[in-house]
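Once you've had a glance at the structure underneath, I'll fire off some questions.
The chains carry the letters A, B, C, D, E and F, assigned in the order they are written, with residues numbered from 1 in each.
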Amino acid sequence: MLKPETRDRLKSVSTATICTALFKRGLRNQFVQDVQPLNPDAGTMVGEAYTLRYIPAREDLNPISVFRDRGHPQRKAVEECPEGAVFVIDSRKNPRAASAGSILVSRLMKRGVAGIVTDGGFRDSGEIAKLDIPSYHNRPSAPTNLTLHQAIDINVPIGCGDVAVFPGDVVVGDCDGVVIIPAAIADEIAEETVEMTAFEDFVTEEVLKGRSILGLYPATDDRTQEDFAAWRASANR
Amino acid sequence: MLKPETRDRLKSVSTATICTALFKRGLRNQFVQDVQPLNPDAGTMVGEAYTLRYIPAREDLNPISVFRDRGHPQRKAVEECPEGAVFVIDSRKNPRAASAGSILVSRLMKRGVAGIVTDGGFRDSGEIAKLDIPSYHNRPSAPTNLTLHQAIDINVPIGCGDVAVFPGDVVVGDCDGVVIIPAAIADEIAEETVEMTAFEDFVTEEVLKGRSILGLYPATDDRTQEDFAAWRASANR
Amino acid sequence: MLKPETRDRLKSVSTATICTALFKRGLRNQFVQDVQPLNPDAGTMVGEAYTLRYIPAREDLNPISVFRDRGHPQRKAVEECPEGAVFVIDSRKNPRAASAGSILVSRLMKRGVAGIVTDGGFRDSGEIAKLDIPSYHNRPSAPTNLTLHQAIDINVPIGCGDVAVFPGDVVVGDCDGVVIIPAAIADEIAEETVEMTAFEDFVTEEVLKGRSILGLYPATDDRTQEDFAAWRASANR
Amino acid sequence: MLKPETRDRLKSVSTATICTALFKRGLRNQFVQDVQPLNPDAGTMVGEAYTLRYIPAREDLNPISVFRDRGHPQRKAVEECPEGAVFVIDSRKNPRAASAGSILVSRLMKRGVAGIVTDGGFRDSGEIAKLDIPSYHNRPSAPTNLTLHQAIDINVPIGCGDVAVFPGDVVVGDCDGVVIIPAAIADEIAEETVEMTAFEDFVTEEVLKGRSILGLYPATDDRTQEDFAAWRASANR
Amino acid sequence: MLKPETRDRLKSVSTATICTALFKRGLRNQFVQDVQPLNPDAGTMVGEAYTLRYIPAREDLNPISVFRDRGHPQRKAVEECPEGAVFVIDSRKNPRAASAGSILVSRLMKRGVAGIVTDGGFRDSGEIAKLDIPSYHNRPSAPTNLTLHQAIDINVPIGCGDVAVFPGDVVVGDCDGVVIIPAAIADEIAEETVEMTAFEDFVTEEVLKGRSILGLYPATDDRTQEDFAAWRASANR
Amino acid sequence: MLKPETRDRLKSVSTATICTALFKRGLRNQFVQDVQPLNPDAGTMVGEAYTLRYIPAREDLNPISVFRDRGHPQRKAVEECPEGAVFVIDSRKNPRAASAGSILVSRLMKRGVAGIVTDGGFRDSGEIAKLDIPSYHNRPSAPTNLTLHQAIDINVPIGCGDVAVFPGDVVVGDCDGVVIIPAAIADEIAEETVEMTAFEDFVTEEVLKGRSILGLYPATDDRTQEDFAAWRASANR
């Protein structure tokens, strides 16, 4: 389970910093490729992955009437995704039909879900952009998902944007996009990236004052370490 | 001819809803792939398709001087496209040179054309974004169209974003992108989607109040039908 | 060296107009394909190209510790790029890892660099979007550049977005994207495009008044030339 | 279960004819896109689908030692795939690392498996090309599958080359590639395509004698029907 | 009309040499991108372009029954393409459904057509590979063309593999692929490339004897010119 | 320098086995993506990398006359590439114009060069396929390299098919494609892969006799180790 303090810490750091922390551990491929936020002002998204797997739609199995079945995996998943989780859809990187639309995303929002990610596209993208739930996709796509996608599995390991996503992995999203943190290291990544962020904020301030990055970033000059210590003290970080 | 009431109805619905209505009729491939609005606040675009076909440019046939010919198909089309129509360009999904620029789009706007769509790109995209005519393309592209495109045919059937577009088809655009409605079914699609939209608006309201989608969307619970009837009465829709 | 008056002239014209002037000289491939501004309101970018070449990263050569070397080409380049130049990175059109992040871009801004362009992606894209330095990339990308890129050469001829970029070429960027002007013709292109822009502004005004483009654009009617002369006189251009 | 006579019939027809029979039933998307035979002379492949699902590989979960686990899904699947079945791998259309190599394909061959298909690539492609088991992939790929793929599920519904593949569907492969026949209609498709093939063989003979296709293909001339009846009688088909 | 001696000359030269001759005239974009011969041993293909234009298929307009219409453009074109011409299809670079199959290609062969080119794919590719008519496509594709393509126009200017093809242009194909020579310069290109080929054959012989390319290719050494003159005399070329 | 025994060892192993040995060392990205042999029967290619870097061609700098300059980097490189080396070209993965043609490849062959690799395409591909020098490209391409490529640097670090190639790295090619071994570990990779190949050959023999892969591959059963020892003894390996 994602600890509240880990969630809070991850809300205060960037996907870029997390990617660097993962890179140091040999995890080079955790950034979901080619998705973007519909509502970049919705704030940093953090939550455990709850997944939905799509396969290509076969016409005879996907008439519009399938949604009348309350057990249809897409609808079932929307009602069962836990509060605080992030709903992650494997759309096989295919945005030519929608992964979901504004009604389902609204329902997720109302249920307290922390965000939604697809490597395909959303329909009603203008509506979703106004909702208060961080949402990430490749590009808008008006056709109903039945056109190309069949929801087949709930909460199994999937691929999303070329990244492995296991249920329970921690998903973080910001302006740059979405990163997947393996569940087992979420706490340590959160701690480490909070530290890294303090240093990066210090560096940014120094750079904006006109200081050279050499010796500063990374901190190969002794003076940098000293200045950073002083900055932390004065900034209370 | 596009009836005024059909135009009005289509202005009040979304491309997503239209795609679903077309899907029910077996038309799964009417959404123009991978184009986006330059001016998403310009409102829903509706009009009959007036088409322009490009082929690859051969260097000797496309010096800058070709535009001195008043019969050049691109310029001729801009002056002849009917008021209220949508100007649709087959740029072979190639945005590496422009399909058109702000002067031509301005002229279309002044002539009362309802919108412009290309599966390539526009130059002067910053200017076009400020014009009061809905415009859709793949991405900005500064090179003159002569670099890669030769305008060859006016108002013939074309492909645009992997969709068949016949002159007279009804073109609708919103935030999600652009959909092509076959001329023969435009009236019925308009009627049906207005009805669908009423239901979707009702569902959205209910969802935002916290109601589950099960039994509501689609309306498999009897209560949903009753609630919807009451909503329509009270909302005058 | 880029003359101040050439810089000023190029700041007043568009990449679209420059592309047309280059096209007339047989240069059809100077527009950097598929990059977009992060901060489109930062104004037109003009400067001489200062280049950085990346090759694919080999894991053993690119641990996080490489940045401790003050001679690392990426960091060295950021400190040595001349004031007024544009920093252009050959990222092999690969945005799956970052080309740079907000700290380096901030440093470039503080050093008076005129802009930055990559055919890959930037991390910290939300931060960069707020900086007062025109920045162009393909899409946001959070992973550290060491994941996929190794900086290898400073200020050599490179490719960027399928365009040849030689150090000293003049780089211009606006809403549409980025164009590369060969150094030897920058002055004449600047002069010519200022003239072309005057005419295009005149045409735009006329079109917005309702005039047909036939005979006006291009100016095949004698009256157009006369009207333009009058317009220039009255508009002081 | 695939009936022996259905298997035999399908061995005598082409994927093109099967695609047409499926098209007539509204199934337009059953051809596995962009795979090719390594050993086109190995004959037509027919068998029921036995599937293996890959997700992207996470580095810490996929060291070379994972294959020491006898329960590793890739190895387990190779030993459990039924005789006469076709082994179909969902490699997410990613041929940048191998889906399998010659040792595993040899084992499948020895176990009597009817063929193997991946929408990724095989390593040891030169060896596989010499084996007597029909094999289809996108392109050769030497890196071990652990580089980019983690085998995760056995015999679940998957996507392969943009087609839905359910365990038990009937897979047919020839020079053109691979088609997936839904299990429930395999018998009727087999019967119908044998009939269609007889007609196509007749047409081909006639065309090679110099006859026009008009009235012949399709058989809109009465004479064509008569000639075909005579041909069937004399050819014993 | 293509002169017999021009046809003969072009049969003796390569597409590479033709591309160089076109390049010298400023025509840089005449090579059909990404098509390959199905039957590379069928010899060099030469003929005037006869074109067929496809647009995306709309489901309601493209049931299997459309081929019962003798006026269907695809079938009509196959019967009307002139002897000695090359049948060139604009399939919008989409090989996901067939452009044609072996029966139509057989009919073209019997009618004396000189070759067939599509920037899509052929079905029955194994059969076509055995026919004695040069055939070029992107890759095999079993689905009937109605799945994705609607034949719409005969013998109009088209794009094929990103090249402009006008009816009557001269089409040449060999192992490398297909090049389009504008009709007006076919004679001069034929003459020039025969000369170039003589020199290249001489150079190849010299290189295979061990001579350096410097001074030889191109012939910047006087001795090269002399040796070539002697070679022509002795080789009767 | 590449030792003769290392060269010999690498000639006896496959690129697949080498990729696995590199993977064990954390090098996951050494396989040149999407190139294929023109002459797969030419045998395994082994040699040290000698590189040529291309950038996009600017029209004014790349008329056909540039080849008259004996110092033109492409021609110079062909004459200077050491005997036994592999000539590797960074064509920016662009096969739309040729990287080289049969005359240059013939010259390399005569000079004793061990092979040639481009991530673009070769012209005269039919001729090259008959030469006795292993050659790898993406696809045939007839246009002269001047159309899109300018040779700019000799023997610098490059990217080829998404792999870093440093001069002196050891390049190995077989049916699957091409792999790059960092110079410093070429000897140990050669030794290790010869051992691995012995085991794989033993496994293949066992599998072809009908043995299960479980316990055999990898050798987790004690009996496998014993059988392998016996096999080596009897097979003299």
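Quick note on the criterion: a residue touches a chain if its C-beta (ideal position, glycine included) is under 8 Å from a C-beta of that chain, and two chains touch if they have at least 3 such contacts.
These figures come from a predicted structure and were not determined experimentally.
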item: Labels of chains that are neighbours to chain C and to chain E; value: B, F
item: Touch-network distance, chain B to chain F, counted in steps; value: 2
item: Most remote chain, CA-based centroid, reference being chain D; value: C
item: Pair joined by more contacting C-beta pairs (A-D or B-C); value: B-C
item: Farthest chain relative to chain E (centres taken as mean CA coordinates); value: A
item: Where chain B and chain D are represented by their mean Cα positions, the distance between them in whole Å; value: 39
item: CA centroid of chain C to CA centroid of chain D, Å; value: 49
item: Chain centre separation (chain B, chain E; CA means) in Å; value: 37
item: Chain D, residues touching no fewer than two other chains; value: 26, 28
item: Touching pairs among all chains present in the structure; value: A-B, A-C, A-D, B-C, B-E, C-F, D-E, D-F, E-F
item: List of chain E residues in touch with chain B within their complex; value: 25-30, 55-61, 92, 94, 150, 152-153, 156-159, 162-164, 182
item: Sites on chain B touched by chain C in the complex; value: 64, 67-68, 70, 75, 78-79, 96, 98, 101-104, 106-107, 110, 123-126, 129, 139-144, 146-147
item: Residues of chain E touching chain F in the complex; value: 14-16, 18-20, 23-24, 28, 31, 33-34, 36, 40, 174-177, 179, 200, 203-204, 207-208, 210, 212-215, 217-218, 220
